[in-house]
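The two complexes that follow have chain A in common; it is paired with chain B in the first and with chain C in the second.
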Partner chain A sequence: MSALSGAWAVCVKDATEELRRKVAIVSVFFFAATAVTLVSFAMVGALALPPADRPPLQAALLWIILFFAAATGLPRAFVAEEESGTGLALRKTIPAVVVLAGKTLFNFLLFLAMAAVTIPGFLILLDWKAGSAGAVAATLLAGGFGLAVVSTFLSALVARAGQRHVLFVLIAFPLLLPLLQAAIAATIEAAAGAFPSAPLKVLVAYDGAAACGAYMLAGVAWED
Partner chain B sequence: MVSSEQPVPTTIAAENLSKSFSGRPLFSDLSFSASQGLVAVAGRNGSGKTTLLKILAGLLRPSSGRVRFETEAGAPDSPSGRRLAIGWAGPDLQLYGTLTGVENLRFFRRAAGRAGDDRELEGRLEAVGLGEAARRRVEEYSTGMKQRLRIAFATLFDPPALLLDEPMAGLDVDGREIVRRVVAAARERGPVLLASNDERDFERPDRRVDLPGTGPRA
Partner chain C sequence: MKALKFLLLPYMAAVIAAAFLWPEPAQGFIGESSRIVFFHVPCAWTSTLAFLVAAAYSAAYLRTRNPWHDDVAAAAVRIGLLFGVLTLITGSLFANIMWGSWWNWDPRESSYLLLVFLYAAYLFLRSAVEDPDRRPRVAAAYALFAVVLMPFLTFVAPRITASLHPQTVINPQGKILMDTPTRAVFFGALAGFSGLFLWMLSIEARTRRLARTGPISRTGRTSP
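Then we have the complex of A and B:
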């Protein structure tokens, strides 16, 4: 129970800091809003495509935007602690796995907030049809959780490295490819009104494996 | 007011500690033990005082050797066991600038799974002379105020052992007196290791650790 309350305290602390400093929130939301707007301009021709041909393109674009918007904000989880010098105080008092859980939770909530901004933009500007709202929500929850777990863990791993931002993207891209592939497949099926059970199973399995790996390796990644 | 609590005998010991950075040895085969009282950790700049205290606090791994930490309550001999039982403050320690002093203490208490009552925490800040600044953001603090907050952080969990690295740095006369009081109270309970470049910071030390090849200049 104390580990859960500790993780919640870390999440609340990150949210309080972020709401006062507004570094990650502004960059993530600005990127998402700009990307959706620019894509909608570029997609004018594509909207002439038959409706049946649009979902794969729209699903891919949605997850490209979500991935890169997340990549601008989520890595800050641990990197910001090292850059501000507060990492020592955290390592001194709080177990790595508690810090990781709290920061993952904050990143997951940040992803959901970012999706809440991006999805309406897609529905309006790109004439996207979310056939099954429940299935889209399930896909976003499962995909967002995996994205938050992997991004937060990698943030801990690269926080004290030189060239940490480049390193993050280089490691994150291959690790997140299976997640993005399954998320795009699930989004295509959800947009068609079906329940994407096969890709969702892949996403849930990926999330479980990523969470277990992060839990076991938290100390290695964050402590000396 | 007379305290009914009995002092808990606590021992922190370095056993054949060595530390190298990029192959360059900082110190090697260092052994000592401290159970109660003030231990003066002395040495010139770059002799490894800060690194030694970080190793004892569980923040760095030694290249070889080990740290033994025991309390009567039987704290486990592991980094997680030492986490809250050893208080530490040093020049590298930074707290959250966007949070207030009391928010910082409350966060660390709650994240460590302990109660974080604001009135009790404000009392701790009052004790280090930050009572008026308890509700101000740390980014507005002066250098000396931040140092006082580090002292409050080091004693936040009432640890049986205390490691203070240059605790007088940036402090005024009142601040130095506060640190002396903290050290005087802590050395009665258990070991206090105080690292400094200034011999005046060591008030009647019970023993010294002079890092190899250094020691006080004549």
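Then we have the complex of A and C:
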């Protein structure tokens, strides 16, 4: 089995398991939908702002929702293997890098599905104007990939630690903040109809650095 | 290391005295507030140096599996955090004098706070992994992953949005904007703080080794 087909097999396995269990994956989407609804209530009431002042706040809120929705779902990648007792079998049969690649791919697809739920909610409930749809899509792809890479790698690190769910948020937030900051800056520019070349460059650089780091350290993080 | 200890005392005393007495206060700053540069920047430099040392020793641990390297890495992070907190405190003192508020959410302040969180998370992660064989490996992987993403926090994130922070030593002009006495005291302080770090690192790492192995008698035997 080549590395690519192995990674794809891990991704399909995770998707099948999550779809079979349903509760975990539905809770991620439910969290995203609830958060958008709550934010829209707040924006209409207490946070009512003139239309010109809204884009930065909307961009920040969008990425905060995506981050916390991701934090409920993405760390499950390796944690679920340990909880179900399948981690050892996976470690013995597939190289760590391939497992990491497969789980990252699944998390990336999960993020995109989550964004597909959140963005229409934002457009409708918060009257958000996605000025340049292509730029918004590029930002989501670049931001989502970085979020998936870092979350998956950290999931491997905390999989066998105590208090792993709290620990994940503690260690993920400072590592992901530069990505979130660049993604918010890119979203503000994209919403204004411009192509956010500078923040996108930062996102791509961050994605590259995180992917290289995760690739180099995958074995250390996951294997015995 | 003993020689360093005895050299440091008069050297640091001389640096502190010079910092208050020799250079004239810089123009464009309120009162004597510019003198904080002799303490604030060396603290920031020392914490960054400590985190780099932690990464180097983490890499060494993963290569050799020598527990002494893990002791040094963990000690470096603890000392780096101490200097990181001192950086935040000295920065906050300066901010209150110059900008009228202890904390301004300036991008550089915020990114440094997150850097402190990033390495505080290292300590959380260490304490959450109960398996003593796995703990140094997970900690080393995290320290290396963190150092890959650290430049985004220290160099990229503060430059995405406008900052109140005075120009840093690493500035777009590529010049050190200081007169000769200021430059002499500044680099003297950098050297002194680096020496102080080495001395503290030696003590902390040896303390960790003692905690791991138990007291060593004069004959070199470890007590039970």
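Heads up, the rule we're going with is that the second predicted complex is superposed on the first by the 218 of 224 C-alpha atoms of A that agree within 3 Å, B and C clash if a C-alpha of one lies under 4 Å from a C-alpha of the other, contacts with A are read in each partner's own complex, and residues count from 1 in each chain.
Here, a residue touches a chain if its C-beta (ideal position, glycine included) is under 8 Å from a C-beta of that chain, and two chains touch if they have at least 3 such contacts.
Just so it is clear, the structure is predicted and the values come from calculations on it, not from any experiment.
By the touch criterion defined above, A:C212 reaches chain C but does not reach chain B.
With both structures placed on the common chain, the touch criterion links A:E17 to chain B but leaves chain C unconnected. Of the two partner chains placed by the overlay, neither chain B nor chain C lies in contact with A:G131. Look at A:G102: by the touch rule set out above, it reaches chain B but stays clear of chain C. Touching more residues of chain A than its counterpart among chain B and chain C is C. Contacts of A:P178 after superposition: chain C is touched, whereas chain B is not reached. In the superposed pair of complexes, A:T86 makes contact with chain B only, with no contact to chain C. By the document's definition of touching, of the two partners only chain C reaches A:Q163; chain B does not.
When the shared chain is aligned, no partner comes close enough to touch A:P56: not chain B, not chain C.
Residues 224 of chain A contact both chain B in one complex and chain C in the other. By the touch criterion stated above, chain B contacts chain A in their complex at residues 57-61, 79-80, 83-84, 88, 90, 92-99, 103, 107-108, 110-113, 153, 156-157. Interface residues of chain C facing chain A in the complex, by the touch rule stated above, are 62, 111, 114-115, 117-118, 121, 124-125, 128-131, 134, 137-138, 140-142, 144-146, 148-149, 151-153, 156-157, 160-161. For chain A in complex with chain C, the residues that touch the partner chain are 150, 153, 157-158, 160-164, 167, 170-171, 173-175, 177-179, 181-182, 185, 199, 202, 205-206, 209-210, 212-214, 216-217, 220-221, 224.
Within the complex formed with chain B, the residues of chain A that make contact are 2-3, 5-6, 9-10, 13, 16-17, 20-21, 84-86, 88-95, 98-99, 102, 223-224.
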